[in-house]
């Protein structure tokens, strides 16, 4: 692969990773750590190829260890993350209503002035609530 | 360039563009439209190359028009965006305090429970304000 | 393999792409917005400098320079001179030129078809299609917004036209993609049809929906640039173009949302027209008129005046007069404020930009949520060419297209004066009960002229 | 050029990468988090399936299957069985294995040095370095957290060790990168030194700082995977690895921030040790002790009991006993609630996970901001192995390292009972005035045992 194109891939993937995580609530830090740990388990795809074209005892032994370790990363990472998130799930559901309210507030706040209008259009069913003034 | 690598570039750049804009306040829609309009003016880089290796009257004519149009895109896009943002700048400064407060609130809200702690650590200078309970 | 000149060129392109992304990020927050465009501009300079040194630029250096000078000078002068109220058409114009430039790249490269593989030709053709639509569509939008082309309904069957053109375009595109020799005539035909498509798409769209459409064309131009970047093997163009495309798509959705419209509605139907000829006009009740002198007196002896500008002020270019009125009133000790509704005018920030241009100080500008709580303190609300944003039907009429949109509650102020030309309606095309409200008096006439009359009347008071 | 088998493989990799990104996005919001890991898992299956069919996999198919079965089965059983309270060490273990796997790829490919260009070899070596550090560092972290290795200060001069190892590693890496023949011995030496570096880096770090360090190694493993992806020409690995790296770097910063620590502090100095031997202990005042029976009576006849769990509860594995106590009290009509402080325990969500595991229902769990407003209604606050999160010094002592951190204001409840082993301190290593507070009574002993004593005492009441 062209080295410069690789540079673009690294830059863009890095930006994506950073921006996607930027607003994560800290209660999710541990599961997210575990989840991204799982994702780098894709090293298995590479370890399989490395073993698949390995020649001679040394390369094959190393490759074998690599595939084993990578599979352990994938499987263990998945199981642990899923177990952890299962614990959080009911908390999340309990909080869902609250989170939704927050998301609404947040959307309104982000859309500072103008967006407010449309948010209210979507949200309001109350005829007398024509104020739209939820933030002041 | 390898077609698949191109696919990755398109996907990643698309994600980046989408996520970066996701929370933009609507008062910035017009300047942002103009600003991103300016950015695709990088087509000039391509138009220069196209004209630079054009051969024969037809190709050269088309290439010439392309470079002219692309330069107009770049220059006009920049001037218009900058003029517009200059108008907004003082509004932005006026709102800066408010925005900062909002950003703080937002950070606290995003960090739901835990982050609150550290946000307060950073923000609090008041000895008696030991509550940290700013959201309830 | 790596020749050193190309290494630095690639590196420059890479940094340019990174700067574009960073600039876009800064532009999406009000505080850092202006520095964002500077960051992006730094990236642009880098990319342009690199392109001069590009190994594929083997000849025509002088032509490149001349073309840049011509294009740059014209648009620089134009962009510096243009009124800020004409922003939407300016954006449309530059956007169209960008899309057109992408299409010219496609044309040149497809004339050199033998040098490219099938995947380059396919994306080249796709980019040409999108670029041409963005070009002709944007330029028509520009012409319509500038008043050079009359707005009108598309008379024929639009659906059929869409399908017919698209089918021929796809056929031609297919032929061009899978042949590795140049076909100038087919190419010309292909380009003409693509341009036609953009015109068909834009012609029936009303002025009010134009900002949304322009944003869509902006996304399209971005995609075209991205595709042509692939043809030329330039990853900076690919990244920047796709970035703009994705941002543009999101922006289009956000803008459509903000005015309570769906994109499909905008693209598949004319808007406003059925409303404008609805029989609702029949129910039009009695309106209290007021002449300029009475309006002047009411305001001159008030304590608190609130000015609500709308689209009509922009149309009439009355912002400078409004500022003059403001100063006059303030000299008399009247406290004047402005209320800017989020969707006043025809583009986000429209009113802010106009008032800023006229020199109205920011301290006087209040937003919807701020001012609505204090309406009862206002003696006179002066509505200048605004309608939907103060339309009481938004509150009361469940079936109104405005229903649920928060409005400025000027009916809670002590009295209301409305400046408008005729008893026309606003963007949403529905009646405004405010006009018949007991507190309301209406002064008919072009906004600029009406404000001038009021100014003269106030001056005559002394 | 494009052979069809490779086309579908590339496509699978592409979708895998897209699914990883989408999965990560879903994982970063509490509501969609669980579906996020499923989305990512779908991507993983796709990537694994594609790799089986990869044209470069020319032999050893059976060996691949066997290795996968062994590695998968072992870690599946292990991951299913392990206690949830041991999560941090589990993450460390799997993370280390991932980094190690990246290093093995580098080893195989560097043994085939002739097949790769210099840029591949450079990134291969860099990936090996980072992967090895992540491997040995994570495994040592795992061993320390599992109690297999005693925590201790690094006795020698750490700075010197860092510099010496790094210099040799860079020299060897340079040699390996710029030679296109294999050097098995140099390679072995290089790997050993890299592994040593990870050990030097991890050995002096205290258990409390481990989650932050593990997160850093996670980022490192991601980067190593990304680099090896380049070596193998696998863009899915490049994208996924870099994604994890960037997310990991941000996560590391956020985690360090949450516990009020700087990353450099963690990496360059042992922590807590200077505090533990400070003379502050001298000022230790009088503590009111309470025996299990009195504590039991106090709670059994209260109306509102608030349980505040901390790191000590996790250490003692007392959560199941705590749940038993809760049920017992509720049978007697006492209303029991739990207050979870954001940074209670040693990792985010630590207490939530433990209490959920023990079956405490979510309705009983209150957070900091909720409960602090209602403290005065609480009859008894039972502090189980918590210290910093109820440390009054955070409020009063400007110089305290905890200053400014919001605490649970248990001193505002009517009475406080503290369960702890000795008069030791918390994570921050500072004294807690709460222990000498007039409302406070302390019961010394291991948390699990103390709670058991209280349970027995309550049962004996009937």
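A, B, C and D are the chain letters, set down in written order, and residue numbers restart from 1 in every chain.
Definition applied: contacts are C-beta pairs under 8 Å (C-beta built on N, C-alpha and C of every residue); 3 or more make two chains touch, one makes a residue touch a chain.
Owing to the predicted nature of the structure, the values given are computational and were not obtained by experimental measurement.
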- Note on the structure: Hopping only between chains that touch, the fewest steps from chain A to chain B number 1
- Query: What chain lies farthest away from chain C once each centre is taken as the mean of the Cα atoms?
  - Reply: D
- dist(centroid_CA(chain C), centroid_CA(chain D)) in Å evaluates to 50
- Item | Length of the line joining the C-alpha centres of chain A and chain D, rounded to whole Å | 17
- Task: List the centre-to-centre spacing of chain B and chain D in whole Å, with centres computed as mean CA coordinates.
- Result: 35
- Task: Would you mind listing the residues of chain A that make contact with two or more other chains?
- Result: 1, 5, 8-9, 12-13, 15-16, 20, 23-27, 29, 113-115
- Task: Could you list the positions in chain D whose residues touch two or more of the other chains?
- Result: 13, 21, 235, 239, 254, 258, 342, 348
- Pull out all the chain pairs that touch, please. A-B, A-C, A-D, B-C, B-D
- Item | Contact footprint of chain B on chain A as seen in their complex | 1-2, 5, 8-9, 12-13, 15-16, 19-20, 23-27, 29, 102, 105-106, 109-115
- Item | Partner chain C, residues of chain A touching it in the complex | 4-5, 7-8, 11-12, 15, 113-118, 120-122, 124-125, 127-128, 130-136
- Can you list the chain B residues touching chain C in their complex? 1, 3, 6, 9-10, 13-18, 20-55, 58-60, 62-96, 99
- Could you pull out which chain D residues touch chain A in their complex? 13, 16, 20-21, 23-25, 27-31, 33-34, 36-37, 40-41, 43-44, 47-48, 50-52, 54, 56-61, 63-64, 66-68, 70-72, 74-76, 78-80, 82, 84, 87-88, 90-91, 93-95, 97-98, 100-105, 107-109, 111-112, 119, 184, 211, 214-215, 218, 221-222, 224-226, 228-230, 232-251, 254-255, 258, 342, 347-350, 352-353, 356-357, 362-363, 365
- Task: Note which residues of chain D are touching chain B in the complex, please.
- Result: 2, 10-11, 13-14, 17-18, 21, 235, 239, 254, 257-260, 340-343, 348, 367-370, 372-373, 394-396, 398, 403-407, 409
